[in-house]
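Let me give you the structure first, and then I'll get to my questions.
Naming follows writing order (A, B, C, D and E), and every chain is counted from residue 1.
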């Protein structure tokens, strides 16, 4: 059907009319095919101007409107709403930008007028091919899921719950608390980690809006923003959570105490039935079936016998819980890298070469040494300690990570200071490449270590650490300031190992179709302007899952992620952008090329029955989820057969504009 | 060849496959055709010799829609195409029983005719384990030529004798590479823009838009080609203006860029002898130079270069900078 | 009968081209095709078969029918002028000329195709005998004589470096008269020897004894329903090579090209091998490649003879034999039915 | 309407601009009154990755003398990754056009942010000058569009 | 290009390393067994190349003190490989001095099967004079 198009040329006072012969533009555009109405006015965006458009739409039964005026970024919405009020689909309006692109930059009236006509023709050509579009609506499930129960996840959940929404935390380990629960003290204030974390954990568990799924993992995610369906696997705890009182007798009586303690980084062992640490939440133990005598041999059952509450259940099975969510926050945190590639530091050869996280456990009163600083080999107090920075960070040789882990400089200063404070006779040396302390009170903190505690900071790296026969360690380093090699004895060496995203994140990102970078950190929707959102709508990022962070940064980002999630949950319905991609299943090859370039995971494949002249078969075709599609058009070009097209910016529309411009 | 027939018979007999995709002997000694065989009797006409150049991968798109498994014979270079088709979900691996066949380079009858040999009655010595010299009986007397001189252009830049995918391999293959793959592209690149323009203008002017290059191409497997549809107002059936030849061949090359395995079928089938591989190989060369070595079809898991990126990719201005 | 030395041919061509357009086999990029003559082209009359047939001279691959121009909201229709100038097409073989006869039956019967008729009226065919027939040739099967292209305006033979020239029609006589000062008288003995030699070779060609028994206008039912097609078509890639090199394929499509200020309506060859051949709003009447493949050969060997007094729409030029990417061709079709056993089931 | 009696060659330039950065950059050039030749006509697309090589060839077919594509700076794409794909696609396409003998000065990609009005204007001035120096595009057009 | 620039380029080419990647951590010097005998220390090799002061490098003691043990190459976190740089400098000197290599047929005599190949190659460069 031929469109009935109305053209409205705006003078914009003298902004346009001074350089463009507006009357001439009207006259020329009136000759274009399909144009049944053309007029000009002082200010099209004014009430009177809009009334003119509305009136023409009604009187001339316009099916398309072209406004030649300022940039569409200025008034496209205005004119679309105007059209909608007059009964025309708002997406049947196109703007020819004859102010920013014509009158404001050209001086010659003839030339400017001619260009205005051409831009008007392009808009007419485009609008001739426009089709009415309707923004879709999708429902929002008012419940959020937080993946990961560390400080990031806890903070996000607390903030979301505080706004009145239900929120579930899925935590893989038996207790929430995460990495922070393993720390002894926190920089730069040196307050005790447990003292500030435990209240948050208790708060999370007590909050009636928050449901904790500990010892659980996300198994499957489907759906899209506002309407995710998630399967959560609750692993068999072998302890009935409703019956257990947390008395701890089972752990005491368990005869098998040979399992390495994850919480203490393998520095000591725990019982087969265990809670990771004393303040664990929930305070309900789990049976580690790989180490439990009952599960291994069938004989034992001591815990069951001693449990007064009868909570032990050897028969318990994994359970799948399916729940719907409107928003998902990823807070899966980090671990430190494996040091297999760094043989030179003798981490595998000597128990006295440890990571900083192990040192945290050693320094902690609840740790394997009850807080006494001692060597793990002979339990003697060390006299000389060496800290090595950037172990695996800032490495572009493929052995480690190319990025800076950000937290090591500060925690090493903390460790050095705490040791010098408690054990003033221990010499502490730190080998560093750079000391990076950008943060409130951070540099002051580092300087205290040097100035008040006389920690020996040496600019230079350690080449290797050699364990000696006498049990000591020789550190071969360099002092780049003095330009001399250093060979020193140490009793303990502490490695500031790089941090890396939790290895599970790959699997999780795939399930969420959230994009991930080469270092396995989740990608933000915009590095600067949307730092806590994933490009995949409805997925938010909290904590180190997005990039290295310390605790205060993590907490602020957790709050920001919560606010973004709340903003989404507060809506009843989501209006979806109608300018989305559409697949023509007749032409679709089902080759997956489009899905490979979609940044939003909006394209999936279904076996659909395709019917056409002479064709009736079931075949794999692309399906665009318009709630997820943001309308970038990457898929439309990736598709060789042109089966994928973008509504509002269709191939034929753009070609029509090209033709009109080149005419 | 008998070994291949025996294998086909065996697999048909034991029900592993319900049909065999191979080559049927032609009525001249150089024109075997791709064909399906369903019975032992059919297989009497099965042939595998130097003229069996056709890449059978593409036929597996249709065969994958049929019930039951198809035994398909693939030469080493064909297996790249098959892999690429698996990657694009166009063939079903489960529906194929792949026998990798040996190859010592495939023959091009036009290469023989170019040597002035006419009225060919028979060509002998084309079998896999045949001699290095072909004996050609013609209406105008007997002739000989070396096997290598009669090989398809693509065989001179052979990708190697390894099959990328196969259930089993029968017959020895030979790497027939005796020229550099990108030499022809480099030669064009070395010309001045005017010379390049004239060169391609002359080559493409020969194009009759028969679509043989497209239809034989395993990467050009679109259900509906843009040049047959009106999605871009681009349907063309003839090259009315020289622009349309360029449009067709540039866009075709672009659509298969990063997917083209360089199987050389396009150049083999062009009735006008247009060196179509000059387009595809140009993209392959650019991709290798700009985004790292990439061989389509070598690795099913590898991300295609045009559906991938790195932050530090070269800018399009490289085209100007390299001069 | 006249003759002219091969080395003087360019003078002959120049002379002809002086007042007429001249088309002849020209080598370009290693391929020989008919093209307009000028001093710069590389004439190649030694290659037996041009890639495309000489069909373009009368029925070009594309031709404009008319233009429509738009001015404001007014439309102006401009008919494309018909061919009004004589032209010579030099070097056509017996099979190619027979191809033109096949086209004549289609385009010159009512309603007459004026574009074609104009070209036909102005075209002068100078034929050449086939000096060295090749293994893909089978014109004998259709009763043609490669040695004596008698359906032309002028027939020529290339013998021992001399082109023998014999006018056969009035048009041919006129052309001969216009170039007579370049020709010398000749006797026919050498030509007769050449003819005998050509015919002897033709006898030895592998396809010369191909039997058309069972084909023809009455065979519709039997052939159409034959199960042979079901296996035969499977190697077909659905490209249009066979149709575009064929001297008798005459199907075309009419399309509009949007120009700067209107449209150009043109027609171009179509191919029944293409999935969008005869595509209509309601879909296609042939939806599978089997049907399309069958259509092509049924048309050549059954439907066309049915409507044209038994004349086949194949002339045995063998171009499809040489050019089909899958080595499928009309000979294999004919033979497949031969092998089928009784052709008159 | 015909161009006045001006005989000097004025090129036809099509500029594809992404909605989020470059189109806004062009707006800024406009509001800053930073002039560039009227030969440039802008087509708004959501993202540089929306630009199909078919569009670029189409422009040349219909008589464009130069085509320029502007998008967000790499890493700043509104859709995260769109311009990365556009960059590879255009590198390939431009390389091919250069290869078949089309002057490489007729095609360009430029990254222009919303804040770079001056860059937009300078880019267009430079591109128009370049294309003007190359003259009429005779190697990649359809004669039927030129009547 | 000045001679110094050419030499610096040559070293980069021979060593196949990019000195700009160095982050000045000093791990090379920390690892070097010949550190004390060197006048220019391994971590400084990089800046000599960056500063195009190849003369100094070529005339340094370090050139002949490096054992080519490649500890620095192995441990360098940035793939800058000072050991390769100094090796490159050595080759530059050797190439400039011209000829005087061992004859090919003398080599088998001198071979010890236990010898690592890398050491052999380095030794050729060091001890031919």
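What we mean here is this: a contact is a pair of C-beta atoms (placed from the backbone, for glycine too) under 8 Å apart; a residue touches a chain by one contact, two chains touch by 3 or more.
Only a predicted model underlies this, so the values are computations on that prediction, with no experimental measurement involved.
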Least step count from chain B to chain C, where 1 means the two chains touch: 1
Chain whose mean Cα position lies farthest from chain A: C
Interface with more contacting C-beta pairs, comparing A-E to A-C: A-E
Remotest chain, chain B as reference, centres from CA atoms: E
Centroid distance [mean C-alpha coordinates] between chain D and chain A, Å: 35
Interchain centroid distance [CA atoms averaged], chain A/chain B, Å: 45
Chain C and chain D, separation of their C-alpha mean positions in angstrom: 46
Where chain D touches two or more other chains at once, by residue number: 52-54, 58, 62-63, 75, 81, 85, 89, 144-145
Residues of chain B whose C-beta touches two or more other chains: 226, 232-233, 240, 306-307
Contact pairs between chains, per stated definition: A-B, A-C, A-D, A-E, B-C, B-D, C-D
Complex contact set, residues of chain B against chain A: 65, 88-90, 221-226, 229, 231-233, 255-256, 303-304, 306-307
Residues of chain A touching chain C in the complex: 31, 33, 612-615, 659, 663
Residue numbers on chain C that touch chain D, as the complex places them: 257, 259-261, 264
Chain D to chain A touching residues, read off their complex: 1, 3-4, 12, 14, 19, 23-24, 26-27, 29-31, 33-36, 38, 41-47, 49-55, 58-59, 62-64, 75-76, 78-82, 85, 89, 121, 145
Footprint of chain B on chain D - complex, ascending: 52-54, 57-58, 60-61, 74-75, 81, 84-85, 87-105, 107-109, 139-144
